[in-house]
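Chain IDs A, B, C, D and E follow the sequence of writing; residue 1 opens each chain.
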Amino acid sequence: MNNVNDTLIPKIGVITDVRIDTPDIKTFRVVTLDGKKAFDHMPGQCAMLSVPGVGEAMFSITSSPTNEEFMEFSIKKCGCVTDWLHQAEVGQQITIRGPYGKPFPVDDVFAGKDLLFIAGGVGLAPLRSVINYCRHYRDRYGKIDIVYGSRSKDDLLDYQEIINEWATDEGVDVHLTIDNPQEGWDGHVGFVPNFVKELGFDTDKVAVLCGPPIMIKFTLDGLCGLGFDKTNVYTTLELRMKCGVGKCGRCNVGAKYVCKDGPVFRCDELDELPDEY
Amino acid sequence: MQVNEYKPLIVAFCCNWCSYAGADLAGNNRLAYPADVKIIRVPCSCRVNPTFILRAFQRGADGVIICGCHPGDCHYTSGNYYTRRRMAALFSMLDFLGIEKERTRLEWVSAAEGAKFAATMNDFVQTVASLGENKRLEDLRCKK
Amino acid sequence: MRKCSLEKINEIFAAIAKNAALYLPVDRTDGSAAYKKWEEGTVWSNALNTVRSPKDFFFPQTEDLMRFKTKGKTVQLEDIRTEAEAFVVFGVRACDVKSFDILDRVFLTEPADSFYANRRNHGVIVSLACTRPVETCFCKTFGIDPSAPAGDISAWKTESDIFFEANTEKGKALLHTLSELTEECDDGAVAEQKAKINAVMEKLPLKDLSTKGFGGGKTAELFDAPEWDELSSACLGCGTCTFVCPTCQCYDIKDFNTGNGVIRFRCWDSCMYSDFTKMAHGNNRLTQKERFRQRFMHKLVYYPENNDGLFSCVGCGRCLAKCPISMNIVKVMKKIGGNKGE
Amino acid sequence: MQRVGVFVCWCGSNIAGTVDVKAVAEALKNEPGVVFSTDYQYMCSQAGQDMIINAVKEHNLTGIVVCSCSPRMHEATFRKTAAAAGLNPYMVEIANIREQCSWVHKDMALGTEKAIILGKAAVAKVNLNAPLTPGQSPVTKRALVIGGGIAGIQTALDIADAGFEVDIVEKKPTIGGKMAQLDKTFPTLDCAACILTPKMVDVAQNDKIRIFSYSEVAEVKGFVGNFDVTIKKNARYVKEDICTGCGACVEKCPMKKNPNEFNLGMDNRPAIYIPFAQAVPKVATIDPNACNMLKNGKCGVCARICTAGAIDYTQKDEYIEEKYGAIVVATGFNPISMDKFDEFAYNQSKDVITSLEFERLTNAAGPTAGHLERPSDGRSPKTIVFVQCVGSRCDACAEKGKEYCSKICCMYTAKHAMLVRDKYPETEVYVFYIDVRTPGKNFDEFYRRAVEEYGVKYVKGMVGKVVPEGDKLKVQASDLLANKQLHIDADLVVLAAAIEPDKSARPLATMLTASMDTNDFFTEAHPKLRPVESPTAGVFLSGACQGPKDIPETVSQASAAAAKVIGLLAKDKLTGNPCIAHSDELMCNGCSSCANVCPYGAITYEDKEFRMPDRTTKVRRVASVNPAVCQGCGACTVACPSGAMDLKGFANLQIMAEVDAICK
Amino acid sequence: MQKITREQLIAKASELLSNGTVSQVLGWGKGEFDYDVTPTLFSSAEELENGFVFNDFCGANFSKYLVSKAAKADGKLLVFLKPCDTYSFNQLLTEHRFDREKVYAVGIPCEGMADISKVKAISGDGIASINADGDNLVVTTLYEDAPITIATKDVLAERCINCKSKKHVAYDELMGEEGEVLASNRFDEVARLEAMTADERFAFWQNELSRCIRCNACRDACPACTCEKCVFDNPNSGVENKSPANEFEEKLFHIIRAYHVAGRCTDCGECSRVCPQNIPLHLLNRKFIKDINEFYGEYQAGEEVDSRAPLVNYTTEDLEPGEVFDRGDNNA
């Protein structure tokens, strides 16, 4: 019996690094007990992390699949599991299972296309994986634009990586914005949807959106206004999940299970679903 | 005392102002009672929620005793009067469900009654020990 | 087909119980029936159905998944799975048997749920044709024939005898162990019995209930139907319908800290509960209407959409009998979909 | 979860003698959250405390568990230590392994095992501790004294003496209260007016004291340090600031036949009146029920006679809003009604009177100018019967009377009897009593003088019946000691009526959310240790509103209440206890269970608007706890079915964590 | 048969709708069968005519719905209250759970409601129709050719057999005659259990509570359980649990639930009516009521608005918990 795999039975993972990204987001590096990556995944996929006795929760894997050594999770403090993780230290063991969900179509739809990534706040976490994947296979894709905004400079996730690595890449344009003016910030100020409209992109790109629902809604409207077709816009959903494999019955939107059929959805697919997300 | 007598686990909720001080006084006077008794300090006996009592049984306690100031002496004037009603109702309900009534007790112990505290605990431990293990409100998952 | 006199039914039970745990419906003091483990002296119930469905045998209300021990920063995982006991569930009605198909499609789809699969592999289902369907029955709506139940072994009861037919290898093996107590026979008596049942089926008040208007692809049409407001208005948000339902399979995974370790267990959950979809920062089904709609849309639209048109209801009638406010799938189907106005 | 440091104290051999402290420190190392664990000889010593401070810094501790003596001993010490280390003082938990472990258990193994468990419970609790900060609220530096009798007067004078402003609210036209009606006082027999009226004058002249006479408290809001009180100043139809108290109006008023309250109706007063000569304020008041001008618009004599122009028939009740930091209740007492005591013929005969009426009869300023005369015919009584305990010490199930002892009757009756025998030695005086209670300085001596020197006839026994017959009162009584029935023909019967709290006290208690006992006496915060405070913070008790009292007791309690008020008003800010209840308004049902059990009236309800799941808004009634008033007993937390109410520092989850740790 | 008819109720409701007194009516809606009725909101005479029923199976206590429905209605909500429902109505008012101004309460007489399982026990199942005929119910089934006549009094619900009051303690308008508070025998079963040995009682409850499936029907139907969030649903309460993992959790839920409603429970019996497993949950509540009556004097929750529940009250002379068991040895 014990040799039968069951997706509900996790592996033990160890937190090997904790990085404080913003006042309420930390990035955790996780490997298995033997120091390896827990499993392979594709950009956009998720993993269930748990703290025994506290609970289990789904997180998108922030690190790129091209990272062979470990996985990273950028986690915002907002509930009991995340609260607990935020006070965990290096060496803390947790459990991990996955990967779950459908990834971004990086190898087919995205291939050869110009890419536009738009993220707000912690919404950069799932995009970081795909951005770094595309940067890794730079020659497979066209121009990459990244629009990223947050409340303030301190709330920008992966700021160092963005300015030191992404912004210096050839063919990658990074556009940062914060909601309100701040001392020491000479970049753009304003909300992401407006910023996107101001920047005014060509519409032959594939766009990927991630952020708070309100941002997604207005950005999508903006993109459509610019002439984007919804079939070229992707986003990710987040709902309460327990099993990760479409059995526990709670993360469905209409007949689609976010854990299994998502979390990545094309925006025109979302239009087909009832408005319950 | 019998040699192999059952060692019960007793949780005692003591109010800060009278009974906890009474327990301290028992200590000052070196009045011995079994180490099976573990005291939890609460501001007033009226802080003891019935769920705490049930939880203690769930987690393996064999007896739960609540100690407060004598009626009329409550630091908060009326807390123990509420305790008295609540516990009368709860204990009666537990008895109604067939759970041994001797496993729960409410006692008034003043800050001056170190001797009464020790005597009460000795008696309660003895009573619960004679009943043996708590089987009727146990949660098998919590057994060692 | 094999038959045995009902007088020898206890011998049959004893023979089954020799090799496996045998569960069968037994009358309770409160007038209802429930599955109980057979032991010498247990009396098999004549009741049409049990309050709880036999899904419990494969998907129990609570089950421990694994255990953890934590010490300092370390976590140890203990896999507590063991081979399930061999067991036989006897007397499962056609509707309930059908529910296993519906559950299988959820739990046995890759990645299969090993806990469910384990019990499924070790359980043998002996079904029983109905003799006395009641007013709450509407299995026919979902294409189920109560006179011809599926299962590893199908059984029919007449006044005097019980007839068995094995449908699967497991069933054949079990029936083989009963060969000394049973005798080969033709299906004449069974055919007669089937006809009797089908005659009663024609009298049932819900015989004309149809699934017309429901099924995969109907989401857009039904989701915003105005009737949901009225239908859900009295719903108390309890879990009675989901818990007595043989096909409801939503579950929750929770951790219980015993003080000496952590047990991770799963338990039934209900989409009717207000916190079913509640997350740390929001809930996508905020009102009872949304939760109520989810339950019926799932059974009548979403599930069929994902499962080749198979509805996730077997018409057993438990929710009709047990809902505290008498709101149920029949009333929903009559208000919405193809039965409108009937 | 915290980063917890565990510090196990040896207390020399006090703990280490029966508990293996090293094993305790070692065992607790593996508990969740514990990052540091050590032991030391004397944790409370400077070296021990320094050790804690250093460990906090070195290990970045956020919580501290000290396994040591009782928290009653050193919790405060270690909280200060934590504060010195830069931690919130409430991040400390004490495991009591001395008084409740090492000192009561002899066996080292058992003691050690228990100490470990107690340590685990403390660790489990501290993991759930949150920093707590005591709330602060400002203090309005003014006190309100409700009632202007001797209790209120003394309290007000003492508070004013300390430099704080005080307002007295008195519902009668003058301050002075019951004491102003008395003749002599026991046991010294000095004249009540002589000692009271100078104090009344002091009050009038003290520029820190304002008197709201003929006024009552209409509404009280707020809490300790911050009460908002509405005072209703009844219209007296005389401008207080103009009236000189000359009395000309009183003399000329044509409506003369109104029962005089001050003399308990034994004589009459005009419609415009000044209760007595030394009244403070000495201002006339028009009785609107008696004044022809106010009733029919015909008369106006007083307005014409008043040269100062103080009469104002159009005056209306006035509502004054004031802020106070403290409130003293000094509402006093009244004799109970004799209506239910038919057996004593109080309502049948004018010559059956209460003791207070007797005081007025013997008072030089009373209706008879101090001559002892029978109210019926003015003759001097030759035989007087005093009946004790009329309505006091009654059976709980009796339909009339009070269960308690009224306390002052024995002494004033002795005084009355003595005074009668002194002035009218030929008068026979009987006193019927159940017990004579004379504890008090010079009390028993006083009583014995009445018996021994003045020949007052004390009879143990109760009067069964008083029957007026002709001009006599036939008194039937039993003499329990002689075991015989007595029949006395009395001229005057004086009933020592029980005293009860003033009727205004009950509605006032409701306004103040101060609790009362079943007899409507105010309850003290603690019967022994806080006798002049009510359980409601900022409300103090002075005089007989708390229980029957004689004058010296009243005055000393009045001063004690004043001292408490001064202590409160001397503070600029009040620092609360941070371990108080708080309500999660998202879960609160507004059912009032919590407010019902709160002894301090700390819980109020407000209607709050909530966003509902279906994106509508709903107004819901929710509880809120006033942190300045809550004392942290936790009664509300158990009364609350939804668990919305919790107690900081002793939260549900914290106590459950302790239970779990102990039971695992 | 009920003394008041469906037609009278519809006429009253239509009148109040048409004269603008109320904007909606909370009443019993027609079901699939003659015995299943659903609490339903009606807003017109036509809706009432089509869907409103009143018969011997209208047991549901509407009081609790007022918490959620009264605030939502535009005008006033008409609610029909049987005598026992009025107690819950008052208790909810005492706890400020709905706005009295939003409700128009019509008291209606009740002759006791039937329990369908008792009907089926006599008639056999497969009910085709049930009609009231005087003091009887006439039942036709799928299996019997002839109609079966059953005396209504033989199939009354337990709570109706032991009806505590035919008197309405709250209403804006009363239809029919006012009844009396009855001397019921509702505590007999509790007393019978009290007279058992502890072992017998334990076995009794073990058998009953082991059937619990924690569907929460008892709680969700209970008019005293109107918490915004139940402690058993609240992950931060420390007692949250969703399913009875074992005997302890079965007991925990029912003890705490009964305790939370102790002194507030009006003994309306909805908990037992809705229990899909037929657990006599009302006995737990009645035990508390009986104890409270015996310890602290007779108290009927909901009899008066603003009465103070016994467990949030006290006297200095209350008996000690230890004395509870000395009132006559019930374990003899």
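In the analysis below, a residue touches a chain if its C-beta (ideal position, glycine included) is under 8 Å from a C-beta of that chain, and two chains touch if they have at least 3 such contacts.
The shown structure was predicted, so the numbers you read here are calculated from the model rather than taken from an experiment.
Taking the mean Cα position of each chain as its centre, D sits at the greatest distance from chain A. When the C-beta pairs in contact are tallied for A-C and for C-D, the bigger tally goes to A-C.
Between chain C and chain D, the centres computed from C-alpha atoms are 68 Å apart.
The geometric centre of chain B is 36 Å away from that of chain E, both derived from CA atoms.
Centroids built from CA atoms put chain E at 45 Å from chain D.
Multi-chain contact residues of chain C (touching two or more other chains) are listed as 70, 252, 254, 256-260, 269, 274, 283.
Annotation for chain E: residues 231, 238, 245, 311-313 touch two or more other chains.
In chain B, the residues touching two or more other chains are 50-51, 55, 59-60, 72, 78, 82, 86, 139, 141-142. For chain B in complex with chain D, the residues that touch the partner chain are 9, 11, 16, 20-21, 23-28, 30-35, 38-44, 46-52, 55-56, 59-61, 72-73, 75-79, 82, 86, 118, 142. Those residues of chain E that touch chain C in the complex are listed here as 29, 31-33, 36-41, 60, 65, 117, 121, 125-128, 142-143, 207, 211, 213-217, 219-221, 233, 242-245, 270, 273-274, 276-278.
Looking at the complex, you find that chain B touches chain E at residues 50-51, 54-55, 57-58, 71-72, 78, 81-82, 84-101, 104-106, 136-141.
The part of chain D that touches chain B in the complex is made up of residues 70-73, 96, 98-101, 103-107, 110-111, 113-114, 117-118, 121, 515, 523, 525-527, 535, 579, 597, 599, 631-635, 637-639, 647, 650, 652, 655-656, 658-660, 662-664. Contacts from chain D toward chain C in the complex involve residues 30, 32, 613-615, 660-661, 663-664.
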